[in-house]
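So that you can tell them apart, the chains are marked A, B, C and D in the order they are listed, and the count of residues begins at 1 in each.
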Amino acid sequence: MTTVFPENNPQQHKHSHKNNKQHHHGHIHSEESQRKIINRLSRIEGHVRGIKTMINEGRDCPEVLIQIAAIRGALDRVARLILDEHLSECITRAAEEGGIEEEIAALKSALDRFLPS
Amino acid sequence: MTTVFPENNPQQHKHSHKNNKQHHHGHIHSEESQRKIINRLSRIEGHVRGIKTMINEGRDCPEVLIQIAAIRGALDRVARLILDEHLSECITRAAEEGGIEEEIAALKSALDRFLPS
Amino acid sequence: MTTVFPENNPQQHKHSHKNNKQHHHGHIHSEESQRKIINRLSRIEGHVRGIKTMINEGRDCPEVLIQIAAIRGALDRVARLILDEHLSECITRAAEEGGIEEEIAALKSALDRFLPS
Amino acid sequence: MTTVFPENNPQQHKHSHKNNKQHHHGHIHSEESQRKIINRLSRIEGHVRGIKTMINEGRDCPEVLIQIAAIRGALDRVARLILDEHLSECITRAAEEGGIEEEIAALKSALDRFLPS
């Protein structure tokens, strides 16, 4: 894995809305979406743990591969949820505050991250 | 997710080699491979946990999407390791014990699980 | 293939801008983009034709699979170009004409088509 | 696209079985498979041509993206057919002639070409 794992990054950007009028960030604003995404990630985490058990028990490869494919699907769906949030935000901001070019760039950048290339 | 999560399956197939002469299963036999796969799955599990932290901290969507793409890549590499073990086993068994048709079918079935369709 | 091939569709929607004030369509408007996309599709078409030659010549499977993977990559890049055009249009329209919800829906619908699910 | 297009390669390997006892190649041997693969590739070629028509007619992006996704699916199915042929050959050869390691390597190499990494 070449990506630096963010948790270990000491210059962690702690975002705060309190003293921050403009928040042109692409993070999840809705409490409900945030909870939904966290829940799904927790289920994915448990699913990965379950695969370790399968390997330890000597389960057959095709069975294990099915579970890995299921996790991949679940991950893609979480990513899509996050992307949809971002997309709604970008379009809403473009409509309300202008900055069309910035929003187009923000959305393309998110797609670059998400899509296989 | 439509797949039944195997851990919850009560009729869990506990495979044992002791009293079992023929083991035409496609599971991971080598201790080293098994440990390697478990280690990778543990890292993936930690990585998923880290993404939950990112969401809770309100990190930007593109950052989160990069991490999800990294996990997807790591999962694909684990799946490929498992598939390679299976493939080696199938070919070796075909050469040593015959049963060509069974081994071809076993390998195609593993690919069906792994590949996007 | 379950998708109906559009060329054979008799109720072909011939779009015209002349007598059409509002054009809330997501098609490619820029001449340059359109030409670029057509050129890339022509190259893909030639590439597919080249693979037929390879098969007829009895070329090795791995060689053929590399070429198929290359075409898949080229197709994904064309799709991304089309998606980027659409995305720019949706955001621009949202900013200039409002209709935020429609534009969000239009963009999500395009992603649904493009992304593996 | 970084791959060299094989048709333009002057040192084209013209394979012949006549004066060639051992043919450890991974190409398609069965006439029927070869015809099936060529037919599918021809349909894909026509499908790509159809998308050019759609672009020229100014068809909506989501419609075009659906067709591109359909082609991607069709390509993946052709690749899978080719891979299955190769897999059967490798296993059969391993069983009939030995050379287990070579066949394992041949199959892994084919998977490397086919699978996204």
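A few comments on the model shown:
Here is the rule we use: contacts are C-beta pairs under 8 Å (C-beta built on N, C-alpha and C of every residue); 3 or more make two chains touch, one makes a residue touch a chain.
All figures in this text were calculated on a predicted structure; none of them were measured in a lab.
Chains that touch both chain A and chain B are absent from this assembly. Traced through touching neighbours, the fewest hops from chain A to chain D number 2. Over half of the residue numbers found at the chain A and chain C interface occur in both copies, marking it as a same-residue contact. Rounded to whole angstrom, the centroid-to-centroid distance between chain B and chain D, based on C-alpha atoms, equals 26 Å.
For the pair chain B and chain C, the distance between mean C-alpha positions equals 34 Å.
Of all residues in chain A, those that touch two or more other chains are 76, 83, 116.
Shown here, the protein chains touch around one cycle, each chain meeting exactly two partners.
On the chain B side of its complex with chain A, the touching residues are 1-3, 5-7, 12-15, 25-28, 34, 37-38, 41-45, 47-76, 78-79, 82-83, 85-86, 106, 109-110, 112-114.
Across the complex, chain D meets chain B through its residues 73, 76-77, 80, 83-84, 87-88, 90-92, 94-95, 98, 100, 103-104, 107-108, 111, 115-117.
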